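Presented sequentially are two complexes of subunit A, the first with subunit B as partner and the second with subunit C.
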Partner chain A sequence: MTRFVLRRVLAAIPIGLIVTLGVFALVFAMPGDPLRELAGDKPIPAAVLAAKRAQFHLDDPFIVQYLLSMKDILTGHFGSTFAGADIADQLRLRIPVTLKLATLSLALQWIAGLLFGLYAGFRRNGVIDRMLLLSTLVVLAVPGLVLYFAGQYVFGVQLKWLPVSGVADGYPISYLLPAVCIAITGFAGMARLTRTSIVDTANADFVKTGRAKGLGEQRILWRHVLPNALLPVVTLMGIDFAGIFAGAVLAESIFNLPGLGQFMFQAIKLKEGGVVVLLSTLAFLMFILINLLVDIVYGAIDPRVRNV
Partner chain B sequence: MTTGEVLLKVDNLSVEFDTPHGSVRAVDGVSWQVRAGETLAILGESGSGKSVSTQALTGILEMPPGRIVSGSAEYRGVDLIAMPVKERRKIVGDRITMVFQDSLSALNPVQSVGTQIAECYRVHRGLSKQDAMKRAAEMLDQVRIPAAAKRVRDYPHEFSGGMRQRVMLAMALALDPDVLIADEPTTALDVTVQAQILELIEELQAERDMGVVLITHDLGVVADVADNVVVMYAGHVVERAATAEALDYPVHPYTEGLLGSMPSAELKGQELPTIPGTPPSLRAIPSGCAFRTRCPHAIDDCALEVPKLLTVAPGRDAACIRRTTISAKEAV
Partner chain C sequence: MTGVLGVTLGLALVLSSCGDGKSSGDNAGGGGAKSVVIAIAADPLEYINPLNENGSPGIQVAQAMFAPLVTTDPSSGKTVNVMAESVTPDKTSQTWTIKLKPGNSFQNGQPLTAKDYVDSWNLTAQGSTAWKNNGFFSKVEGYDALNPETPDGATPKPTAVKTLSGLKQIDEMTFSVKLKVPFSQFGLTLQYLGLAPLPEEVRKNPDAYKRKPIGNGAYKLDGTWNAGEDIKLAKWDGYKGPNAPDADSITYRYIPNADTAYNEFLAGTVDFVDVPPTKVKTFKTDAPDGWVTAESSGANYLTIPAWDARFKNPKLRHAFSMAIDRKAFADLVGLSTPSKGLIGPDINGYRDNACKYCDFDAAKAKQLLQEAGGFSGPVNINYNTTSATGQIFAEAIGNMIRQNLGLEVKYTGKQGSEITELADTRKLDGLRFSGWGHDYPSIEDYLTPMFKSTGDANFAGYNNPALDKVLAQGDAEPDQEQAIKLYQQAEDIALEDMPLIPLYAKQNAYLHSAKIEPRVSKYTGVQALYSTFK
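Moving on to the complex of A and B:
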């Protein structure tokens, strides 16, 4: 087990380098001058501009800028943003916001996905099953962005059930609408996979063996069908969990939640390579950690993948 | 030859499947019985209805699309088909158990084999977890799995095909059943392992005076272990006899054709004889005798009605108007 974890962590190092380098290069390749954008229409004195450029190493070659950023991240000296905010402070303020949003949306998504998927799988071709298949098809076809704006307009602006944006109403009221929007986009895949997996497993030979053993249908369902049917679902939960940051970038920007996603969005707009790479590194570390967790959980529930 | 008590008696069993193109009859008026200590082989090719008939009577057939149209299956005089599911579960899985062909998919991959065997004791005998596991280990030992006490915690994928089939047997025999229905138990195994498993079944059967229903498409297996044989074709029983007699003097032309197409040392170097044509689709079974389109002895009358299973000699039945009339004449 320790060896397995160690191997996975070591393998993550080169991948992490490639990912951060790629992200940094993408930010570097964006057109426009970051500092001029920051200043807006106002002219900036040449001396101030030069000082800022020197402070953020903007005149150094690309690879030097990348290495300096990485050095800052690894030594914990995050520095400040172009606008002068302390990045460490920003992280302290923003991480809880994103965590709240992520946990709420994941909880909603998993509960809804599992409940609908399980029910539709048990009662396949029933009314709920058909409704689920149709509605998930619609959800899968609608782009996330459209869903976020539509949700904000209908429930925030028109019906005024929930706040349109910001965190003024606190947790969970302010987080509910964006979390539901994220959950709806993710729940469709989850519900469909759960349903299909249960239907497949219910036709497996070992279910027939269970009947031949004289087991009741409930026992077959809980002891034999479910533990097998949920294996792919656990994998998807891991992927969902790891990918939640992508949803957070959109949702936090649209609903104006001061979390990491919004920070990321602003940093990309301002071409703040250092901040983008820092946030990417955080997301990447989360990703590795969650993947490791999924693998460990998977090994515990499926004996066939142990000792790998 | 076998005089034990009749344990399982199937009478006039018919099973249909609903398909989008109408219903097809997979099993049509099948009757057989098995006594204590007897091995009855049900012989037939894929789609002849041999598995469907046993799955229908034990209630493990998916219904729908399957449907039992008629017939009864009496275990010690009580009809399994007519009884409520809850009652039947006390018999199927306890007094009547089954072994399937593909042991890898027939075992739950995420449960240890011990847990799966112990489940029989837990559900049917109400044993505690520890006791059930202890009994499971004993069963593994009885089916001659080496180091059974250790292997009881292993998972199905950690066993070889032959060992897994032994696990299946241990599970089926855990509660000392009266009847074991073995559905092609050796088809997925290589020949030497196949012989070992058949031998094991024979031994365990002798110890328990158990009736065995062996479903197979392999004449060699029938010749080796079966006391009596029921030959099925397109959902019908076409011949019923003691194994030795059926192999020596087959009455039905289909049985004859099967025997003729067995490889043997005398036929070395020659082309193996085959039965011409292919088995009919269940959707288009020929009128009258289902075998007539492939039968060398067919006459016009064969198309008129489905031949009845008639007794041609004591303990011998066949469904062929050509052969039964000839024999009946001779008998007079």
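Moving on to the complex of A and C:
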């Protein structure tokens, strides 16, 4: 197991370099001067411009800027944003916000997705199954942006059940509405995959064999169908978990949650390559970690993949 | 749409003119009596330092915490003293003497003296300090010595000279400012909050006070303020100056998404919010009893590049201008009035018929185009892709040019900062939109930045020595009425040359809760800070 983990971690290093270099290049390639974005609509005095350009190494070649950013990340000297915010402070404040939002939304999404998916899979072509298929189609067809603003308007503005935005009401109240919105957009995929996987597995030859041997229906379901059907679901959960950052960018911006997603959004808006690379590195590390966990869970569920 | 430079979004002076809509909604943001929660649709502030702040989100807070030397009287539009007892120019308007009122102090108890202004201004004028209001002092004698040219990539080093030679403390309460050249409008510029003084302990270590500012205004920070939190202010008993607002406490809540900020208002959690562009058509029904509008302090233009020889003939520019149906365009923009001049409508010296070529007349436009010898190639219109309306507005103008002048039109969408960069390096192909709002209420603050050959917001790359000359005469004219006449002559020259085609003046709309009535003035706009309570 140790060798397996070590191998995966070592393999992550070159991938990490390629990913961060790619992200940095994309931000670098964005048109427009980053400091102009910062200044908004006013002309900036030449002296101020020169000082800022020097502070953030904006006149250095691309590769030098990238290496300086990586050095800052690796040595933990994150410095400050163009607007003057201390990046380490920002991470300290923002990571808990994103984690709270992510865990709540994933919990809701997974519980709803698994419950509906399992039930519909076991009782396929029933009323619940058909309703599920229809409702997931509707959910998949609605863009997240529309859903978020509609949720905000209905539950925040009209019904006043939940805060419109911000974290002033604390956890979990402030996070509930954005988490439910994220969960609604995410649960459809989970529910459909679980259902299909259950249906596929239930029709597999080994299940028929089990039945022919006289195994009880409950034993077939819980001991044979479910563990096999859950393999792709675990993969999706891993991808979901690693992808929370992407979902957080939109949700945190609309619901004014000061998390990493909002930070990423601001950094991209201002073309702050260093911050974008830092946040991408964090996301990448999380991705590697979660992939590792998924592989370990895989082994636990299915002994066949343990030594692959 | 503004996209490109311009549009200073209010700054210290928040927009102007007539209000409407009686407030009797059911909103109740904030806590006890006379408290107001103001939503600002912007990223949260990272620090409060008026000298390093030139955008509306920061200046709004500075307005509550710091008091300016002078301000505009909301009822008369005249400049009145706040911290200053007198502001006196010499005969040439080149040297200005500013005497402070006695008895004022900072919120840490330190008395406010002339030294605080002189030292704060010197600190800001020093290029290596890298504060955003550095440029204000470029008019003061000795600025260049503090801002030597720095090679690309090098950090500006602190200069041996630490003080502006034109800035002198005369006695404890008096100081003088000698400008490089005469400037009759300098007195008006002193109301800019970006010139507020910092007390000695802050000047010694500004970074240590980023989040615990010490002002000289009517409000002080209430408790501590951490990154990302609302800024809570409480009335400061020590403020002895005039114009103290009514509120006992003010909370500034920063909400980056303007639509979310608007929804917060509708949910009743904030007392005052700007109406975002997406709600221009619905805000009156959303808050039927709690809205006000203000005729904007800015103006919006179509910019013609001086570096493209195809646009050189003024007749061609006039043809473009007369091909635009401003009424229809202003209707499309919403909450706007067609412009017939280059100046904001709330400014002393504004003439609503200054432009001879701003009436829509397709036949005349076509004739002018013919007289100018036509136009070769398609007309390219650049628009800001980060603005929700950029493309719509570009296509509206493009259709008018195509239909009324028979020219081929194409469109190029780019990020606003990229358009600005291309224009600054004279590489932008074709027309673009621009806008401007004044920093201080003077006709001069439109003409100098945009039309003077060395103006720092000269969008079109325009250069006419005759206009520069008249501007200089206006700057040197101590009599304000005479100065305005000279500036109007400069405006006439610019309208004849037409580097910028006037398009529209935007109104701004705001929603307010039932418990407050924001101050509405033709001269100082809509100000939530100066709300009265019911």
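The definition used in the following text is that the second predicted complex is superposed on the first by the 305 of 308 C-alpha atoms of A that agree within 3 Å, B and C clash if a C-alpha of one lies under 4 Å from a C-alpha of the other, contacts with A are read in each partner's own complex, and residues count from 1 in each chain.
In this section, contacts are C-beta pairs under 8 Å (C-beta built on N, C-alpha and C of every residue); 3 or more make two chains touch, one makes a residue touch a chain.
Quantities reported herein were computed from a predicted structural model and do not represent experimental measurements.
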Kindly say whether there is room for both subunit B and subunit C on subunit A in the superposition, answering fit or clash. fit
Regarding the shared-chain residue A:Gly156, is it in contact with subunit B (first), subunit C (second), both, or neither? second
Pick one for A:Val9: touches subunit B only (first), subunit C only (second), both, or neither. neither
First (subunit B), second (subunit C), both or neither touched by A:Asp205: first
Applying the touch criterion given at the start, work out whether A:Pro303 contacts subunit B, subunit C, both or neither, answering first, second, both or neither. first
After superposition on the shared chain, which partner residues are touched by A:Lys52: those of subunit B (first), subunit C (second), both, or neither? second
Is A:Val142 touching anything from subunit B or subunit C once the two structures are fitted on A? First, second, both or neither. neither
State whether A:Leu115 touches subunit B only (first), subunit C only (second), both chains, or neither. neither
Subunit A contact check, subunit B vs subunit C, more residues touched by chain C
Closest CA approach of subunit B to subunit C after superposing, in angstrom, is 50
The intersection of the subunit A residues contacting subunit B with those contacting subunit C is none
List of subunit A residues in touch with subunit C within their complex: 30-34, 36-37, 39-48, 50-55, 59-60, 81, 83-86, 89-90, 93, 149, 152-153, 156-157, 160, 163-166, 168, 253-256, 258, 262, 266
Over in the complex, which subunit C residues touch subunit A? Could you list them? 2, 5-9, 43-44, 46-47, 54-55, 127-128, 130-132, 134-135, 138, 147, 149-150, 152-156, 210, 227-228, 230, 253, 255-257, 259-260, 263-264, 266-269, 414-418, 420-421, 435, 449, 456-457
Within their complex, subunit B touches subunit A through residues 55, 58-60, 89-94, 97-98, 100, 102, 105-112, 119-120, 123-124, 155, 157, 171
Residue set of subunit A touching subunit B in the complex reads 204-206, 208-216, 219, 223-224, 227-228, 231, 301-304
